[in-house]
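Should a chain be cited, it is by its letter among A, B, C and D, assigned in written order, with residues numbered from 1 in that chain.
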């Protein structure tokens, strides 16, 4: 049913946890299936210096979260944000069973929210620094 | 090979069953319908197996119909009883039935039958008084399973069958999980029809049984060479049938010992798992299958847990074996009042003959560790 | 063990098939619906077998449905096509069909379908032009078997299927006697559905196949856990399915050699038996199954002949295997224009892989002697 | 399906043939199944001195004919005529399969006709001797 790569991520998930005082926080939940994924990231010099993830849900969801942390670790924010559905799928060994593809959506969405959160904070900070209020 | 704790999904065939099958596959040459001596030997082997099966149930050999599996037997009972009932177009059924019965009844419902879906209590058990009230003069048949395949609760089938007999309503029971695991007697429970499946009692896959009480009328649902009194057409699976006969003989001889052993392991697992915080037993605490443990694990989805345990060499089930491919909450658990999340967190552990105390102890430890790991992962608990 | 010449009734499983089955029965632990690795192994084994079967037929794996036998596959096609056809309530069928098709069609006929029973010639063969004329806009489906199980005549199925395709009528063929004995390709014959049975091609008993062409709609006729795309519900007979996969692989690899060998033996028997006065071959002289000999023996009833031969160690069949328990003339032979007495005097000899030239020569001699003995007994000849 | 005793009679039928100039000749046929049995008997001193039988039909029919010849051989006509369905059944090893019991009827009937034929001839002869015509 699931590829060995996926099982490996499920059984030995990487970067589990929640960073304290993260630079970005993103969470996504799928209403229909009840699954939830959360990313916390620390960014330094425009690259992902640390990442923590938590997941509740189906096996692909848990595994995809773990795979994603490995894919973004040390990458520039831009490249992290550009990681595609296909990249993630590949990291899990290929095609997911029918009806499980939304696990990828969930994980991508949660990551994008974490990165967005970071950008928003940056923007806010910049505002504060520049004293600018639109 | 790892430790197999999924006997409710399928049981590995007993070596004595394999031996009997193999003997027939290698030595008997002939279609049971053929009149030469190979055919006669095949026919005799089937009739011997029929006697073994009858003996296990307290039935007569001519009341035993061999089918291609449990589902086929259930379908034959449901459609056969419905079509034999003529104008009567009301059915009484439990919502906790296996899909082999539930979906067959639903098909009739879609075709215009009126179905009274009974309520069940929090243990998944049907109330005999409510059952009695549901019966009507136009009830074609009623059906409640002997024991549930998910939560393991045993139904008061003897009582329900007796009520049906009083009311003159045909009663079918799906005893797929019960036969070979509990004493099942058609003398004590006056059912009209009863289904079971070879691969659930250490018998072969691809062969099942429908018991049809003498005098009960079933309309045929398959057509062909007229085998099994025209109720299951097609060349008989002689080797499978012989294997099933042996499985029934063994079950009769070893039932008590089997139950004692399974209960011991089951109770050990139940007490070990329910000691973990947030793990709760589903199904009836006492009136349950001797081999069944069914728990919900707060904060953990079953799929990951099953796979993590599998990676450590323990095979257990999630939800019902038959629909475990889908991400849908089991209707059985919902009918018992569980929420979606509790349903998705349900794991079924079903022990068997060959399991040992040492194995289940190791399992409890592994389970505890796996749950801890997955909970650590969960964003729901440590917000 | 004697000399088995009743392969059309059932074939002894190939040792390689038994080996594969046994491996699965002993080693694989898990219901194919289970998600643990035992379940996954079972699932993978089924999918591998599906590929082997597809390869033999020139089909795609997803077009293969595993059933509990040939009859089940035929029933599924007949009822599945009929129910999917909605308002169309006309059927075209050959009178020489096996009961698995014939009785299913008759059941529909009794339920209000109109059936055009085709004529057959003296060889039991359907005329394509008459077939074309029988098709109507309200034809739900047409069905003609690939090769007849009694007289062995091979039908022009590719042509019939092509006519159906032109007319947009679904076409089913019962290829139970053909698969593994003749080249059968769903690329060359554009059938909609095609049935066959494991135990007729040295595979296991209790498992069959329905080929369902991509895009063909079949209404389900069984209900349960949704296995086999919801068309054949119930836990899969994994060992049987794997055995069938192996049987199909072997058939593909060895078909030519098998046919050559069978034809040689068949022709030797035909020429030996028809040299006996009053013995005549039934069925088509050339377009017949490579393993089938079917003769009428003037002045002798088949039952006694079969039993006398059996006492001498030769297993042959009388009439059709599926109804040989009854004293009724085969509808197939009557449709071909044989009289009742000729029908009752019909014996079927069907050779197989393991038979030798020396065996069939001994058989011809024994046959000749048995016929002489029974004729001496007969009051009809020496009044 | 069939008992060994029946098979034995089928495979090695006893007293096959037709006596030349028999004292009694009897034949019976079953319209529905087309089976035919024929007995020829020679009677001397009120006992069955010789018997021949022929049969066309199902296995029980052939076997029952043979079994019958053994049962009557050397018996008085009275006892031969009194042989019952049950005696014949027993000689074939017991119960016949459903739908095959008429083989016994056929054989009993054919034998009774042969004995009747003998009685009729006797009666005729007696008439001739006594010159009596009723």
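Things worth noting here:
Keep in mind that, in the parts below, a residue touches a chain if its C-beta (ideal position, glycine included) is under 8 Å from a C-beta of that chain, and two chains touch if they have at least 3 such contacts.
None of the values given here were measured: they were computed from a predicted structure.
Averaged Cα coordinates give chain A a centre that lies 96 Å from the centre of chain D.
Centre-to-centre spacing of chain A and chain B amounts to 43 Å, using the average Cα coordinate of each chain.
Rounded to a whole number, the gap between the C-alpha centres of chain B and chain D is 58 angstrom. Residues of chain D in contact with two or more other chains: 1. The set of chain B residues that touch two or more partner chains comprises 35, 303, 307, 325. Chain contacts here follow an irregular pattern that is not a line, a ring, a star or a complete set. Applying the touch definition to all chain combinations yields A-B, A-C, B-C, B-D, C-D. Here chain A touches chain B in the complex through residues 1-2, 7, 10-11, 13, 16-18, 27, 33-38, 54-59, 62, 97, 99-100, going by the rule given at the top.
For chain C in complex with chain A, the touching residues are 35, 40, 43. Remark: chain A residues 1 touch chain C in the complex. Chain B meets chain C in the complex at residues 1-2, 4, 6, 9-10, 12-13, 18, 21-22, 25-27, 29-31, 33-39, 67-72, 74-75, 98-100, 103-104, 106-107, 197, 199, 204-208, 222-227, 233-240, 303, 306-307, 309-310, 315-318, 320-325. Residue ranges of chain B in contact with chain A, taken from their complex: 299-301, 303-304, 307-308, 311, 325-327, 340-341, 344, 374, 376-380, 382.
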